[in-house]
């Protein structure tokens, strides 16, 4: 809380990728292959710098790098400040570390693409934005990164822009994110209006000390505004619809942006602003409801998907829901913990999927895969490890974080939803079971059984497999390593995020842990059995309840619903405003005035008859009128 | 004296109405000549002898002869004249009545209604003296007017000639 | 005798002009074959103009000459200058056109021209109502004939007919008004009337005033006494139209100002309402009726009606301040140069009525911007000035003076109407600019600019353009001059 | 500094340039002269003007909140009209924007093929008029320059415009004239009222801004007259329909100037005249103006979304953007007002650039239909990149200039008018919708039109045109401090002065001296009529007044 | 003696008749004659006032009006002639080519 600032040079962390982006684009135009090398190097440099800083970061301190005053006007002062504290250190490590691996992976994956200089430039630009986001010393710098990652996401989703559907997916991502950003902006305005700053250093004491006589309602309002932003970025209901479509981008992009880093920005922001959220229990209750709903909806949707990337996308949405659950419970470190582990295993999963897609010549439908364990052993093993991790099987990293989430929920002490928390927990556990189930399903359909496609799958080259292995290792052991078993406790490290929530430490035996991972085991086992032995069963289930199956394979019809109640009405309204209101009414009135003057001008056809005696009559009439009306009367 | 005036007044108005109602312009012109003579008589009742004489000579003589001349010149093509149009007539009558009644009432109440007391005699000598002394400049201007009229009449009445064909 | 000579020397402009007319008539008889009629007429106009400059110094406020028939005051001096100058310019722009149309060949035309100008001069200077009536008739009689001088053309004759009958008709009203005023005051001297009239029965006085206003406003061409104007302007040969729109209108306005302010100044509250109405109607009707005109000449006719409305607005301003007079005079000068300029371009571009198919349609201006860029630019300048849009500063300042004078005297509503109607006016002025620049001439039959205009023409249009520019940039001297002129009526 | 009339030279240099351009020797009046020389000459003129205006910035003292570089000469003494010009922080940047954009416009004039000389001369005259409007401190002078902007723009649209150029040009002029003549009446009334009270005729802005003889009622009417003129120019919904037509038909340079500078004149007028002169009425009108502004933001965005013509879309986006500017200003708070001015600059840059980009496309394909394009990104990558950057600037992505302006406006307005601001935030989303839709439909997808396959990327000349704009997008987005520093004191002072004046006027009883003066004048008129007939006259007047 | 107002009213009536004539008649020569009627009634008014005021100004005015009338006759008839030449008609309603 009362951390002391240490001045340090932070800007190179963000600067390397920015420079890398420029160089990759400019030099890559000449020689495409340089782009990947430059970008990877930039990312790696950045990672090294992060490591250097984090290594040197003392406890209860943070690094600060004041670059320049960005906006300074009257009371509004926004500095361009970087800040590395424990939270951002963790995030930076993830972003640059996983980022570097994915860069490396991409050099092979994108090997044949014509536009890879653009790709790497965008990728590095994304790194830059993401680093701005996590390094920002105030909400404004965070917001720069926030919008920046949105932009890069847009660019990368629409990377293969010749396919208009892909481009539309990018646009959708950006616009939906923008809706969230609008909420975020309103939150910032509220803070600026009532507290006068967005600087974390100043904000936290101002909020927590209660100096601001604003009351809970204000906190709730701000928290909800910010959460709207988080919903957009982190794909929570109702703004999650863009993420499945975002799979249009190249797979490394999905891994980096739409799994490991960008989508977790919402969670990061909540953690960053945790001091505010804990003062707004009502908002936290909302967060919980949204998170649980999202997790459940996404998990059920994932059950019926056949596109391997879609499965992973829904899984990501679902896992993000888990992170928000932790945040809702006030256990922000847990949320970050899950962010980290999720980054490991989900990146690995995506990269694995990418490897499969690469190996199968851009086949994404799992129904045309199968039996790949023979052709792609490394991919298969790393993918399997990650499935176990995400399923929350003990020992693998997912278990640690997910267990911590459930623990945090069990200690729900928010007055709101207190009586419902039991039922919510059941739902959450069911969702965890589903997670294990559909992930296993995807594994089985992809790697086991007989090959059902027509391509000639082959194992990927080393730049792709090495990151897979590294990430699989991290996914396997990372959880354990961070939970204090190896002398490093993330909880302890992120103590600053503990805003009064009681932290309970309970060491559990391996047996207990295995029992605790029953949901995952059940899911894995059931799916394994169903998809290897009883292949008829899934279809039967779905046929039993046709509406449900329709609902699930239709992804709950969110897109259709939004289309029907928001997008199309708005489009219709736009057309109406243009055609009817603008051209018809407003311009009609303008032109009508002109027409009226014209018509009045035509009066001359009545008055200027050309008849002499008529003129004489008018002259005399006017004379009589004037004399009688003005002079005599 | 008064009887003469009222007699002349009636004749005057009758002849004026005749001018505007006769279908044949020749009759109108003759009525106007008569009217002008009556006006000359009225001038005489007001002791404006010189003016009365000029009225007869210039108006009834010169001007009306000119009018008759033109009428005769153009008479061949005057057949289709149909003098009255009810709409114009109605409107003109209403306006004319309004004009006459309004101004008449105001004149009646506003101007001194007593008969003129002055013994002003508009003899040739008296008028001439004023005309050629005090009014010499307007008199010259009047000559300019007549010159302009002559020039104008020449311009207009001359047959067209030497028009360049474009 | 000395006084007579002195008085006559003060009256020199009118005398020179009248003499010029007589000389021209005689020369027409004496000389055979072509001779520079316009040049001679122009010489007399120049002589009159120069004499104006000489005698103006001796013009003093309230001074009358020639036994009280003629004013020799600064106001008269101003109008002498304006009328002589305007007539000279109108002569110069019309010269080549008249020659082309064969009107010039009748030498009497220029005699009439000088007669009319003499009448206009005397009209503005007359200090007595019979003198006023006579000079008005001199001006008008000559003008009637000028309107009808394009003998081969029916329109010209028709214009003359309408102008003559309506003019005589309205003169009869004017004369009746004079008679009433004479009956009321026993005099026809303007100065005497002005002192006597306020002691008289106001309704009778106003009947006389009203009848006189009818006659004068008719000459100005203000609504609702304007009906003749579009037809006559349209039918008359274009140089005559230009002359009418500027010189005759100036003279009529000058005499109206003098009559209303000097003669009937005391009755201002009584006649203000009617003038207010007339000004309002004139601005609105003039502008609105011009909107749909395809004939540029007729459009300019309506436009000149509208401008009369603006000037009449200034009549009202005398009530409180002298600004009204200064504004009206400034506007009149600006209006003269810009209207003459516009007519000059019209003359250069369109065929006369003698040329068979009548052709002052706006399409004649199509593509003028590329055919004759200088002419088109000048026309734009004149039109923008008429519309009151910069860079047409002369017109804008004129409107500005007039509106501010009206507002200062409390006629805000009138000023608003004036401003709105001037917004309407932009529409039809801009249409000509549209034709000149925005429309390419598609039809090959569009004739190029007709017969090369003479040096006179070029000189006149240059003077007009220079006038518009000069008045726009340095309005101060004219305004203060105008203010001096009207200050001490 | 006061020795050399720097401001006047900046204002009139383009005008002189235009005249010289026309008098340029060696060119026949009929045929178009060697266009390269004409372009070069105009370029030099605009560049010199720009450099001179940079001197202004150099010599500008931000701490001095009064007018600087003041020149005050008597012009029409009898009317108290002066040639009075000066510069403060608000006008400084708009002047700079104008002088900055003009060389770019000249550079972009290559697409003009006919009558190049006339085109450039019009542009130069227009520049003088705009600069004059920005620095005028005399109401009459302001009005002259204000109206002078019309004619050249009219020609630019009318001569060098598209198919419906005549309709558009006339609509533009008539619409604007309609507004400005009402303003003219307002000016006269104000001057007259001042004269009634002080006996002095003056058009000086500084004197009139200290005038306190108006009743609230009068203020309301006058403010309405001024505001209408300015709202038409901005244009504020629902007075905007001339704008799309004008933009669509105008040539590229015309659109750039129109959007870049001329639209700002409306808001500038509101700032310079309407608010200081009528502070109480301004306060009363604030909700209505803010409401219209916000409607404009959302409405402009919605209608832009429905457009099928690129230029029309950008034009409607201007309506939306200027809605922000108006909102920011009427919120009347240092942050939002500064944001409003900053946003005006941004809009000039980004929308100007977008129009230039549309012009680039139009030069090549001679159509502006969105459906005619598609998939261009593959064919013209640099163009696509530029388009993207300016699109992003337009939708206010952080680190571009647009963000700073929009953020300041919204953050500032939120403190004063939270309800309106929340609605305006919706524009943030809608802006992304229509701009990205445009970008997607034109740049992305397959190239389906054969002609688009042969498009050439931006030329070097075009690149040079865009480079300064591109640089400014980022400079103003990343380091706005020099701009804001120069703005802040002026705006703070401006707001303080207006607020103080408002308080002062509210506390003092409305002056009624003028009424008295009126009565006296009427008395004098009557007394001049002599006593004898006075009774008759009086009776008549009384009788008349009953009617 | 007859009161002066009677002359005035008589003249007024005659003037009105002349006006009505101008309006209702279409024959140009008759219209011209109606204008002469109007002028004559004004003359009558002048002379009546002259008598009342005891000065000759009114009568002089009448003299000048007669001059004007003469000039009008010359020009008016010339115009009528030229109209007749152009259109073979002296109906004023036929001379209506110029309108609107």
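Letters A, B, C, D and E mark the chains as written, and numbering starts fresh at 1 in each.
Just so we're on the same page, a contact is a pair of C-beta atoms (placed from the backbone, for glycine too) under 8 Å apart; a residue touches a chain by one contact, two chains touch by 3 or more.
It should be emphasised that the depicted structure is a prediction, and the values quoted were computed from it without experimental measurement.
*Asks:* Using the contact definition stated above, find the chains touching both chain D and chain E.
*Replies:* The shared contacts of chain D and chain E, listed by label, come to A, C.
*Asks:* Have a look at A-E versus A-D and report the one with more C-beta pairs in contact.
*Replies:* Most C-beta pairs in contact, of the two: A-D.
*Asks:* Which chain has the mean of its C-alpha atoms lying nearest to the mean of all protein C-alpha atoms shown?
*Replies:* Per-chain C-alpha centroids compared to the overall one single out D.
*Asks:* Please flag the chain sitting at the greatest distance from chain A, going by CA centroids.
*Replies:* It is B whose centre lies farthest from that of chain A.
*Asks:* Rounded to a whole Å, what is the gap between the Cα centroids of chain B and chain C?
*Replies:* Distance between chain centres: 30 Å.
*Asks:* Per the centroid of Cα atoms for each chain, what is the distance between chain A and chain C, given in Å?
*Replies:* Going by mean C-alpha positions, chain A sits 79 Å from chain C.
*Asks:* Measure off the straight-line distance from the CA centroid of chain C to the CA centroid of chain E, and report it in whole Å.
*Replies:* Roughly 26 Å, centre to centre.
*Asks:* Can you work out the whole-Å distance between the CA centroids of chain B and chain E?
*Replies:* A distance of 5 Å separates the two centres.
*Asks:* Taking each residue of chain D in turn, which ones touch at least two of the other chains?
*Replies:* Correct list: 174, 544.
*Asks:* List, in ascending order, every residue of chain C touching at least 2 other chains.
*Replies:* In chain C, the residues touching two or more other chains are 130, 134, 137, 141, 144-145, 148, 151, 160-162, 165, 169, 183, 201, 203, 207, 230-231, 270, 273, 427.
*Asks:* Mind pulling the chain A residues that touch 2 or more other chains?
*Replies:* 594, 604, 608, 610, 612-614, 616-617, 620, 623, 627, 632
*Asks:* Considering every pair of chains, which are in touch?
*Replies:* Chain-chain contacts present: A-B, A-C, A-D, A-E, B-C, B-E, C-D, C-E.
*Asks:* Looking at the complex, which residues from chain B come into contact with chain C?
*Replies:* Listed in rising order, the residues are 103, 106-107, 110-111, 134, 136-138, 141-142, 144-145, 147-149, 151-156, 158, 160-164, 166.
*Asks:* Please output the residues of chain D touching chain A within their complex, sorted ascending.
*Replies:* Chain D residues touching chain A: 171, 174-175, 238, 240-242, 299, 302-303, 305-307, 334-335, 338, 374-375, 377-378, 392, 397-399, 403-404, 407-408, 410-412, 414-415, 418, 421-422, 425-426, 428-429, 432-433, 436-437, 440, 443-446, 478-481, 484-485, 487-488, 492, 543-544, 547.
*Asks:* Within their complex, state which residues of chain A touch chain C.
*Replies:* Counting only chain A, the residues touching chain C are 594, 597-598, 600-604, 607-608, 610, 612, 614-616, 618-620, 622-623, 626-627, 630-632.
*Asks:* So in the complex, which bits of chain A are touching chain E?
*Replies:* On the chain A side, the touching residues are 604-605, 608-613, 616-617, 620.
*Asks:* What does chain C use to touch chain D in their complex?
*Replies:* Against chain D, chain C makes touches at 198-203, 265-270, 273, 319-320, 326, 369-371, 373-374, 384, 389-391, 393, 396, 400-401, 403-404, 407-408, 410, 412, 415-416, 419-420, 422-423, 426-427, 430-431, 433-434, 437-439, 475-476, 479-480, 483.
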